[in-house]
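Take a look at these structures.
You will see chain A twice below: alongside chain B first, and alongside chain C after that.
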Partner chain A sequence: MKTSFKILGSCRIDENKIFVNQQLVFDNFAINFSQFADTAYQNQGVDYPRFYKMNNLSKLGFLAAEYLLSNFVESPSAHVSGELTGIILANHYSSLDTDLKHQQFIKQGVASPAVFVYTLPNILIGELCIRQGIKGENTFFIAADYDIPGQTAYVTQLLNDQLITHCFVGWVEYTAAGHQAFLAFVGPSAEAALPDYTSTTINLLFHQSYGRAES
Partner chain B sequence: MEANFAALLANQSAVVEYPQQQLDGSSLWAARLADDWPTALPFALAGSAQLTRFEQVAVASIQAAQAQTAIDLSSPRTVFILATTKGSIDLLAQEPEPSVELLARASLPTSARLIAQTFGNINAPLVVSNACISGLNAIVLAQRLLLAGQYEHAVVVGADLVSEFVYSGFYSFQALCVGRCRPFSADRNGLNLGEAAATVILTTDAAAVASTAPIRVAGGAITNDANHLSGPSRTGQELELAIRRALAAAGTIAENVNVISAHGTATVYNDEMEGKAFALAGLANTPIGSVKGALGHTLGAAGVLEAVLLAQSLQTSTLLPTVGYSEPMPEVRNPVLTTPQTKPLRYGLKTASGFGGCNGALVFERLH
Partner chain C sequence: MDALKAELKSLLVEHLNLTTVKPEEIGDDQPIFGDGLGLDSIDALEVIVLLQQHYGIRLTKAENGPKVLYSVNTIADYITEHRK
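== the complex of A and B ==
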């Protein structure tokens, strides 16, 4: 019999609101993403100076992971890190925000290694791996839209094949036009109250409006 | 690809000097396609005139692969997978303040869709952008999707260009070699960039394989160092983990591997890390080679390009020399291939590592 996999926790960041397991946990007026991200980071009370070096895409994904794990329903320690945990993420515009920044630097005649390193989408995965000690399967996909059935089928295959026991999955997009983060942590659990890890449940968590109406 | 293979056997390098390319006026040593490269193709380039240079290179590569098989690339049972780091990023330099339309045109989903459409394929193409392991990662992904029965055939194309966007960034990292790079050599001091597109067409239909020595994509795995964004692991343990898992997935053991097509970028730390990983994996006596001195580091294309060359090595029982190699480095115990060799080959291992800490390993098996 195949193990059934559960969504052990999820986090969604819509504009200035952070939801964990569909509950609003942080809402802050901010004039821009940078201010929102800094406030949300300080609100977590973690000491991780690397945060300030990250590009906006990485900050967004980092915050989603921090908030998800700080509101974890089970003890996270055993499964979040290590060789049997994976990260499979996607977005449409790759690292576009930083790409444009690097292009501006070129125009000014000097490229910056601190900017250039963030011109790859999987740097976000690298940041999460460094923060959480994750060493298993990791791939960044680029797609026009969040292909939830495709991602869910692939991650379920990795779990069934026992290449990993747990996985962060989701969609993290940052462009000047807006940002959106959805991150879920999935793995085996006997907790019946937890939602099953299926494309239907991920679809609901990704698309439905949470709690009060969103403006 | 046969021409590439022959040039490699003859120890030739496509890396040349391009003067006054960098922002400070210094030279770039790289392997680039000629400006009029489509005129050298033995076939007419397919696709609309609106394709970007990146898309054209990818399309040409797929056409060349398609000519070797009867597999229907337009079939709904065929999936296209594009592996690239930066795609048509050179478009950003076209406008001082890139418009929304230009950004959409330059985005990877647009390129992937146009490439797949050129071959009449209507499935949503997949795009893997996992730094320098993208190509290898895409083959591993394709193998898994075919094993799961999601598709019958997969077209995996890896492509990247040597654009100012990319070479100015690598230059700022002081990662580029002045002159031709020297993989796995004591005096290595940086990499050469290269531009390329390479394609593998995978199938689960044995009858569709024309070769008398077909290659099985036996197994692969991806890991992460969880250590540093732009420098490899100090220990090589995470690449070793990828190798161990790839061998397990392939159903074989380290002792059976006849040759390793390494990442071998010729940066100080990459080659050292690989040497450590091979030793940890029980592969310290296995011959290793790198084609980076001949073809440059082709970034997202590298995993596919080098996998194709490894497959040709296995099929022709020929080991390729490491173009640019000078003298042994102490951290690598493996024998480094320096001259072409002929011997029976069954299992080949391809490795790759990239920014973001990612590592990939892929095992090929020659079946007959």
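== the complex of A and C ==
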């Protein structure tokens, strides 16, 4: 019998707003991303000083994962980490923001090792793997747009082939002009109320306007 | 020497993004790697770059690294000894 995979939880960060399962959970007036990220991090009450050393792309993905995992509909703690949990992400601009910073340092004569180590987008995946203990399949795709059907087909194949049982999927983009993160955690579930993991559902969660939650 | 140590502590906090640490909280003899300030190997490289940028000092022998970069005191001693 074919297993049905569900979206166990999702998080979207649009500028200064963080939505978990389509509900606004954090909204902050910040003059820049750095201020927003620090405030959102402190709001979670986690103690992870490494956060402050990350580049902005990694900070964005880190926050999406932290908020997603602290607001689950079902308790997924047993499935978040380990070799059977994968993480498949994508964006358009790769690590360009950090690449440009690195280039600037080189022009000034001395490169910064701490900046250089973040000149790949899959470092974000590495940060999430370290933090959450993820050890399964992981890939960061660079594409013109978020290829939701392609990513969903790939992850579904991994799940059907039982290479993994659960997977973080999404799109994390950071440039000086703006940022957006969408992260979903998918896996098998008998909970009928949870949305099915399909490209149509992911497309809806990624693109639809969430509006503001009642406070 | 005290001014150099104070400057070093400020530079460490600034360059290593030690957002949760105030310069004055760093002890002169406190180990800055491992259990001390919790710095890692990338931070060690940053400190080496910092020494080069701010004091014109190159740490030429890698085997001296752990001894020189042990604490603010050892770094300050090295700077004082090698500064041109």
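Rule of thumb we're sticking to: the second predicted complex is superposed on the first by the 211 of 215 C-alpha atoms of A that agree within 3 Å, B and C clash if a C-alpha of one lies under 4 Å from a C-alpha of the other, contacts with A are read in each partner's own complex, and residues count from 1 in each chain.
Convention: contacts are C-beta pairs under 8 Å (C-beta built on N, C-alpha and C of every residue); 3 or more make two chains touch, one makes a residue touch a chain.
Here the structure is a predicted model, which means the values were calculated and not measured.
With chain A as the common reference, the superposed partners chain B and chain C fit together side by side. In the superposed pair of complexes, A:Y93 makes contact with chain B only, with no contact to chain C. In the superposed model, A:K135 lies in contact with chain B only, and not with chain C.
Judged by the number of chain A residues each one touches, B leads among chain B and chain C. Judged by the touch definition given at the top, the superposed model places A:S10 against neither chain B nor chain C. Contacts of A:P49 after superposition on the shared chain: chain C is touched, whereas chain B is not. By the touch criterion defined above, A:P113 reaches both chain B and chain C. When the two complexes are overlaid on their common chain A, residue A:A144 makes contact with chain B while staying clear of chain C.
Measuring only between alpha carbons, the smallest separation of chain B from chain C in this overlay is 7 Å.
In the superposition on chain A, the residues of chain A touched by chain B in one structure and by chain C in the other are 110-113, 117. Those residues of chain A that touch chain B in the shared complex are 81, 83, 87, 92-94, 96, 99-100, 102-103, 106-107, 109-113, 116-117, 119-123, 125-127, 129-130, 132-144, 147, 150, 153-154, 157-158, 163, 175, 177. Residues of chain A touching chain C in their complex: 38, 49, 52-53, 110-114, 117.
Within the complex formed with chain A, the residues of chain C that make contact are 16-20, 38, 42-43, 45-46, 49, 52-53. Taken together, the chain B residues at the contact with chain A in this complex read 23, 85-86, 89, 92-93, 96, 98, 100, 103, 107-109, 112-113, 124, 126-131, 137, 141, 144-145, 148, 150, 164-165, 168-173, 221-230, 238, 241, 245, 354-358.
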